[in-house]
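Per-chain numbering from 1; labels A, B and C assigned in written order.
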Amino acid sequence: MPKRDLISPDDLSLEELTALLDLAAEMERDGGRDLCAGKILATLFYEPSTRTRLSFESAMLRLGGRTLGFADPGTSSVKKGETIADTARMIQAYADIIVMRHPLEGAARVAADYADVPVINAGDGGHMHPTQTLTDLYTLKKARGGFQGLVVGLCGDLKYGRTVHSLAPMLARLGAKIYCIAPPELPMPEQALREARSAGAVLGETADLDAVIGQLDALYATRVQKERFPSSEEYERVKGTYVVSAALLSKAKPDMLVLHPLPRVDEIAYEVDDDPRAAYFEQAANGVPVRMALIAALLRLTGETVLAEARAAEPSTPGRARPRAAPEVCANPSCVTNHEHYLTPQFAPVPDESRLVHCIYCDHEVQA
Amino acid sequence: MPKRDLISPDDLSLEELTALLDLAAEMERDGGRDLCAGKILATLFYEPSTRTRLSFESAMLRLGGRTLGFADPGTSSVKKGETIADTARMIQAYADIIVMRHPLEGAARVAADYADVPVINAGDGGHMHPTQTLTDLYTLKKARGGFQGLVVGLCGDLKYGRTVHSLAPMLARLGAKIYCIAPPELPMPEQALREARSAGAVLGETADLDAVIGQLDALYATRVQKERFPSSEEYERVKGTYVVSAALLSKAKPDMLVLHPLPRVDEIAYEVDDDPRAAYFEQAANGVPVRMALIAALLRLTGETVLAEARAAEPSTPGRARPRAAPEVCANPSCVTNHEHYLTPQFAPVPDESRLVHCIYCDHEVQA
Amino acid sequence: MPKRDLISPDDLSLEELTALLDLAAEMERDGGRDLCAGKILATLFYEPSTRTRLSFESAMLRLGGRTLGFADPGTSSVKKGETIADTARMIQAYADIIVMRHPLEGAARVAADYADVPVINAGDGGHMHPTQTLTDLYTLKKARGGFQGLVVGLCGDLKYGRTVHSLAPMLARLGAKIYCIAPPELPMPEQALREARSAGAVLGETADLDAVIGQLDALYATRVQKERFPSSEEYERVKGTYVVSAALLSKAKPDMLVLHPLPRVDEIAYEVDDDPRAAYFEQAANGVPVRMALIAALLRLTGETVLAEARAAEPSTPGRARPRAAPEVCANPSCVTNHEHYLTPQFAPVPDESRLVHCIYCDHEVQA
């Protein structure tokens, strides 16, 4: 059976997504049952991320497997100039499955293209972080049983907040509704919102959290990530605009979930931690069974088939053939194709947007 | 049964201490017998320390458990500004027990307060390093059978040497006597010496190692830690004042133990390594069975009860209630309460010193 | 049985080398069979090296053992000034076998002299990297069945390329022939070539790769290592001189192996990756079974004896006694004896060169 990877949430069909969330619940209930005994997971972190790295390592250890890798590019061959493709072809000899975090957008896709073993994207720059999305969905499903009709407020820095960009279309696909709550200078990008909007899942876009808090079944607050801001002035102005406090929660439904991908800085006051609606530490803990399920499914060790042979086609996308009028280079300076020169930029049509194509590595869109 | 932590040697009653040292001897004799199979130890090192980190990891692996963590704050979420409390609540989902080294005094106490899993302090700034103290005591007991009447010379930099601060009161409590041997500018702080002094366990304080060497059953030399000195001039002046040499040992008892927490710089000449009295490498090796015993006991996996339900009260301390006249902030700039702003400074009475209170995080004393 | 180490390929007799390569083939075929269950490998990397470190860790995990260590001197006690000797005596208490990479030449020899457990040299500055040599030989033997009469071209930076320095004499000893292909300013050092030359195994030295490519059974290309060059001008001039391309391969034998220790920079064009003669990723993968065999053999866990009690004497070297006229210090500034001052420089005769002695740590030669 050909290998599968998880680079973007779109790699999964809705059936696969549902099967993965069910398997995660089974993992949480029954433990890892040594499913991955004798298997090795490589964690290749070209950017530091304690939370994500340790949750993957914990997941693999709880499955009875073992781990190796690096937490920091300073201790890797990167300094000797090795390409992602060569690193992927090296590491596949040392491990049975690869987890990669990389600052370049599309980097994990390149690793998946070159490695014979499954690759999981643990964050590629500002592009995708699919296991965070799976964890977010698992947390909602565990608390509410399902997604149909749920009203989720995505709040804070929606422009730079990578997690909400992939959460919004998934929520729409699963039948939930969303509010986008952000200051005018940090709106959700149109590209991230398009699918939800065309599905009629966007209830509104507002800068006023107070006005909608009472309607929400879940409030998904995002960290104001200093490292994503162009200037520290812009950071300071926005930081603290949408602080979740006890006062705010007094206006919310009594069972509204407060979610946050963590780490928080000032977005959620410490007083909220003791509120039963605070679900962000539970959410962080959920990352372990979700990643256990994903690792076991990608290694085909679950007994039943969770992931089909081939990955889900992008919705309505006929193929990845390069359109005739595609540009020669990707205009996104953080795209991996602008840094790894053995790669050929490739573009695919954007569904329902005949004027646009998107880079198949970083998903940056341009006029066709 | 409620969880236990080890933040300070004072967390252990004398009975518990004895039981732990006995369990360590059993570990050294019989190995780890897979007591921790399926368990995960997290090593959170916000400051580098090869020796301590690797001895904990070796201990856990020899118990059949597994490890994850970070060795360096540069590869952690610390750079994103996450608090100790939040990190503790995250890591408890990834591991069954936490080992933490942190530059702030009181940091491990905070982690223990917030994590649901046991926390071991592997060094919190200049404050405590209780597993070093346990290892020192285990080494003495293994070589001499017990502590009653032993004469131990604590030698070198007693002002900045964290290990001797917690060793002195423990030795006194166990019936040993001590000499403090230090240059006048680097004396043992009164606070560290108080308990031993009031127990009549301090035989003398002197700058003259030669004068007392003949009376010692053990000489505990300490590293002159460059990183603890305010200036490199002060470091250079003191370095080498108390070098343990073959000439010095010719004046010592034929069975006097030479101990050192390692790494040494120049405090012990290489010629001493071949002297049968040199016990410092054995002492380093003893760190493994001691930490095996501690981990197994904290995880309640030893079959018998080593640690009681609640930790030992501080000697003669009626409680940790805040005295009426306590200060609003801790005067120690390295205290964790001055860096993590969700914490409320708290002070407790100092036994037999009615004029004093001490910070319950860093133990800094001030007038009540 | 006394412990064995692997510091230099010369530590192995030809019988031992053959037995190791056979054991590696068995490891590749049958897996690690949990031979190292309950054993711990320490990886002490004072210089970063992802490839070497991860291949050792993968090997130990595939043998059912466990690993600990550091990947970076910044996270070790090195900053506190600990010597290699003291580190070795500490780590032997935490692990059953030690792998060390260190920038100083002779460093691993020092660790082996002080540790009671086996030590494997994973690279000591520009001196030796014996497991790379074993991997290179395993790759050749696996592809060709043996070495007798094989013609191997060593190509590129032969002056600074550590791997070719130990490969050349081993190939000669095993019956292969070599061409040295290098620009005039980067020739193979005479010292590295002496044994092969006196065995009549050197077919030629040339700057012209094109002229000899048709005669080669294997082309061993080496990375132009920027960090080994005295200036970036020298680096830029040489880089790219011997690029292996499809055009070049059109002149080569249809079954010539293309080898490279990796990581490559520009020495092998990406187009060559799809050529069936490209063997460098297979070579990288071979590092795992080779290291599995070595670890299991050094730990004496293989059932049969692979390594004799004592290591092979250096060819024709009567002993390591210090010659009467030996210098007081080693003239190589990167020699470990010039940095770790408890060491006494020692020199041994050079076989068949009565005027020369070599440092027993770094192998630097001087007039006796």
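Basically, contacts are C-beta pairs under 8 Å (C-beta built on N, C-alpha and C of every residue); 3 or more make two chains touch, one makes a residue touch a chain.
Fair warning: this is a prediction, and the values are worked out from it, not measured in the lab.
Q: To the nearest 5 degrees, please report the angle of the rotation taking chain B's Cα atoms onto chain C.
A: Resulting rotation angle: about 120 degrees.
Q: Same residues or different residues: which describes how chain A and chain B meet, taking over half shared numbers as same?
A: different
Q: Counting only Cα atoms for the centres, state how far chain A is from chain B in Å.
A: It comes to 42 Å between the two C-alpha centres.
Q: Would you please write down the residue numbers of chain B that are in contact with two or more other chains?
A: Those would be 66, 72, 74.
Q: Please give the residue numbers of chain C that touch chain B in the complex, ascending.
A: Where chain C meets chain B, its residues are 40, 42, 66, 68-70, 72, 74-82, 85-87, 89-91, 93-95, 342.
Q: Could you please specify the touching residues of chain B with respect to chain C in the complex?
A: Residue positions touching the partner: 45, 48-51, 54-55, 57-58, 61-62, 66-67, 71-72, 74, 223, 225-227, 262-265, 270, 281, 284-285, 287-288.
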